[in-house]
Amino acid sequence: MRIASAVASRLVWTVPTLLLATLVAFLLQQLIPGDQAVALAGEYATDEKLAAIRADLGLDQPVLTRYLDWIGGVVTGDLGTSYRTGQPVTEIVLDRLPVTLVLTLFALLVAIVIGIPSGVAAAQRPGSWVDRLFTTAATAGIAIPNFWLGMMLIAVFALQLGWLPGPGGVDFADDPGNALRALVLPAIALGMVGSAEICRQVRSAMIESLGSDYVRTLRATGLSRWSIVWRHALKNSSLPLATILGIQVSHLVGGAVVVEAVFGLSGIGSLVVEATNQRDYVVIQAVVLLAAVIVLVTNLVVDISYRLLDPRIS
Amino acid sequence: MNVLMRLDDVSVRFPVGRRRSVSAVDGVSLDIVAGQTLGLIGESGSGKSTLARAMLGLVPAAAGSVSWQGEEVARMSRQRRRDFTAEVQMVFQDPHSALDPRRRVHQSVREPLDVLGRGARAERDDLVRAALADVGLPAHLHDRYPHQLSGGQKQRVNIARALVTRPRMLVCDESVAALDVALQAEILNLLGDLKDEYDLTVVFISHDLGVVGHIADRVAVMYLGRLVETAAADVLLDAPRHPYTEALLSARPDVHAPGAGDRIILRGDVPSPLAPPSGCRFHPRCLHATAACATETPVLLPVADGGTSACLRVAELYGPRPADATRSGTR
Amino acid sequence: MWTTLSKPARTAPRTSAVIWLSYGILAVVAVVVVLADVLAPHAPNHQDLTSVLLGPSTEHPLGTDDLGRDVLSRLLHGTRVSILAALLAVGIALVVGFPLGVLAGYVGGWPDAILMRLLDTVMAFPALVLAIGITAMLGPDITTAMVAVGVVLTPVVVRLTRAQTMAVAGQTYIEAASSFGARGVRRMILPHVVPNVVQPIVAQLAVLMGFALIAEASLSFLQLGVQPPTASWGTILARSYTFLERAPMSIFVPGAAIALTVFALNIVGEEVQRLLDPRRR
């Protein structure tokens, strides 16, 4: 019963947002200046092709009709057809999606593995030199553009030391081992900013938590500091933690676009850049929508699982 | 007897959640007589501050009407409404938060004149200086920001701002509650002087019977949004005719009356206005409650000495007292 | 709960050295923006194919790039371009977001509910992806890129302003003002609400500026923002990346310029926020 109501209450929030997101993605195409058919087909398209596009998109019809038509396709998994390659967009996107998902997941791991312990360490003694060091490092970490960090990592670890593969991704199907190795540097480049953000937020949540009466009581019972910090205080600050992870997914998916470009990985990030250069608007639209869907769905999952785990939230 | 403001069966409701609402003020009828000081007393949550806001039209009355000199405020024309705004002013509880932190003292005091568009700029500045002088704020403080003033000085500024439009009625909402005791007396004396000087009618809202008894001519007692008793101040202090007033009086620390043994202690907390008790709203805490009190709603009825009381057992408990010849009320 | 920018619940402790260093960095950046023409030893786009990829020398303090252009001059001019572009984005977000935030926070009710719903939706898109989407549709150049970044930042400004406005609207001085008839934009919003809302937003501007700078660099790196040959931090990095193997250090300086500036902005933003905190008074 609780599961059902938790899922339902979040769905009530997510579904309208998702619908509005499709509207935003659809309306993006209205931003194209000039004749959309020409823009979509390219300047040298034949008249027949232009006519075909106009008919296909229903450009002579009102925007609302076209939206309903388009959304009808979207919910059945049909994102349209690329006017550059003639391939179904859904196919193109699904082909590129795994690389981005794996990269984002790796980066999230990096962010968590670095971010949480450093945030916890900084929170132990607010104002101490450890705290100053970590918070200043975190502020610096947020300031470093991920694509620049990626270049530096390539320069040092790929070009100078030759430890890890540089740019130019390896196809997963051909050589899974090397493909994973090729994701190490991009994941670090992408995850570092996230780790800095997590560090800052974990720090403030932990300071709050460690200063609570509850923790003071635990201290009085003689529990070890280690156990108080890791088993009780961190658990108590896990609500902000869940929120932070939800936000991080959004940041990482956005950051993946640039990091993929640096490392030559063929994910949806480099796809959207290629599509922009080729003016393949249907693909751009699909990737933008997909990014929002990924963010909304992960947030939904994080939120529901959190509600199920935490008895305080009903 | 010139009635300046008449409240007729005024109710104020606030929405709570989606379909429910809470009656902060429920069917209050009250006359405010020109030149008098009316004390409005009640515990927190009794609706006294909401009633004050309804007097100024800051919250709309859900039912009933507020009339100013015989004219219903809600139906006033724009121009009349502006005049009314100038004639009825309010002094708020917390002197600090009632002043915009980013405006200098003289700017804050001048603002009502600016809003009402009165006179030329130079005239306004003269009025501001005069009002600030009347409340006793030295000239060198007129350019200060609120955080540079003490609590007492800030409340003087608030009073000056309320007086700068030359109002006929001043509503003081717990205007001394946030100050310490020495300052309270100072501000109360100032209000007393200003009342004479400006020929004011004052509505003084407080939870402190001692303060109200000190400055009010008449007192109205509120409980959970309703009036339970009105009377001349000295009569009410001397011989309350409602069990709630009696309890309030008894709770007052009184160094002069040694008979503290028969102090009435109110049982329980004030019930939630979201779900007010049936019948007489005071019955769950009343020492004299009977079965009828839980079902029958008492209305405010005249009692001796020109007062009114809303208690079903008023005659039984307090008796119809003969008129008191030595009364010193200001009627 | 969907924010593209995160602000710490508690500001971190800072040594004054870090804070002064940050003020210093921002001062240098400001000087460069104003005096780029004077400071640059060469024209930023002047090519000299006889001296490509040179190391540092007295004539070219930071060397030359693959087209023989002076890297220092490009960096100085690029700083101006990048900073002005970021200012444009933040300006757009502010001009659109601030009034909307005040409106939503002060009026409340259904206009607020609708606006917040829309903003939640915009914030559901990863900021950079949406910015790329908008830029791609409008046709990539620096103006459209910064408009796109401005659009993405707008919900952040609205939320900050709205929260602050709601806090101010509950203050007694607002009720006091309405008690003597102050209402509307001229008598209530401008004199009482805006001045009390504006200050905390100013502190956040530094953080927004940092985000806009990184967004500019990212979009320009992807060739979606500033277009070559115009120098900006992003285009310089994109160019140096193509000859990374021959001159690995050439990526260091422009990247460090971004990182140091954004770092300084974040530190100064936190410091301003701390100074404005009413609890400090």
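Letters A, B and C name the chains as they come in the text, with residue numbers starting at 1 for each one.
Here is the rule we use: a residue touches a chain if its C-beta (ideal position, glycine included) is under 8 Å from a C-beta of that chain, and two chains touch if they have at least 3 such contacts.
These numbers were taken from a predicted model, which means no experiment stands behind them.
Q: Considering only which chains touch which, how would you classify the arrangement: line, ring, star, complete or other?
A: Topology of touching chains reads as a line.
Q: Between which chains do we find the greatest number of C-beta pairs in contact?
A: A-C
Q: Name the chain whose C-alpha centroid is farthest from the C-alpha centroid of chain A.
A: B
Q: Between chain B and chain C, tell me the centre distance in angstrom, where each centre is the average of that chain's C-alpha atoms.
A: 52
Q: Averaging over Cα atoms per chain, report the distance between chain A and chain B in Å.
A: 58
Q: Please tell me the distance, in whole Å, between the geometric centres of chain A and chain C computed from their C-alpha atoms.
A: Once rounded, the distance between the two centres reads 21 Å.
Q: Listing for chain A: what residues touch at least two other chains?
A: There are none in chain A.
Q: Spell out the residues on chain C that touch chain B in their complex, using ranges where they run on.
A: Residues 171-173, 175-182, 187, 191-192, 195-196, 281 of chain C touch chain B in their complex.
Q: In the complex formed with chain A, which residues of chain C make contact?
A: Answer in residue numbers: 1-4, 6, 8-10, 12-15, 18, 117-118, 120-122, 124-130, 132-140, 210, 214, 217-218, 221-224, 237, 241, 244-245, 248, 251-252, 255, 258-263, 265-267, 270.
Q: Using the touch definition from the top, list the residues of chain B that touch chain C in their complex.
A: 56, 58, 82, 85-86, 89-90, 92-94, 97-103, 111-112, 114-116, 147, 158, 161, 165
Q: Note which residues of chain A are touching chain C in the complex, please.
A: Chain A reaches chain C through residues 16-17, 20-21, 24-25, 28-29, 31-33, 126-127, 131-132, 135-136, 138-140, 142-145, 147-148, 151-152, 154-155, 159-160, 197, 200-201, 203-205, 207-208, 243-244, 246-247, 250-251, 253-255, 257-258, 261-262, 272-273, 275-277, 279, 281, 284-285, 287-288, 291-292, 295-296, 299.
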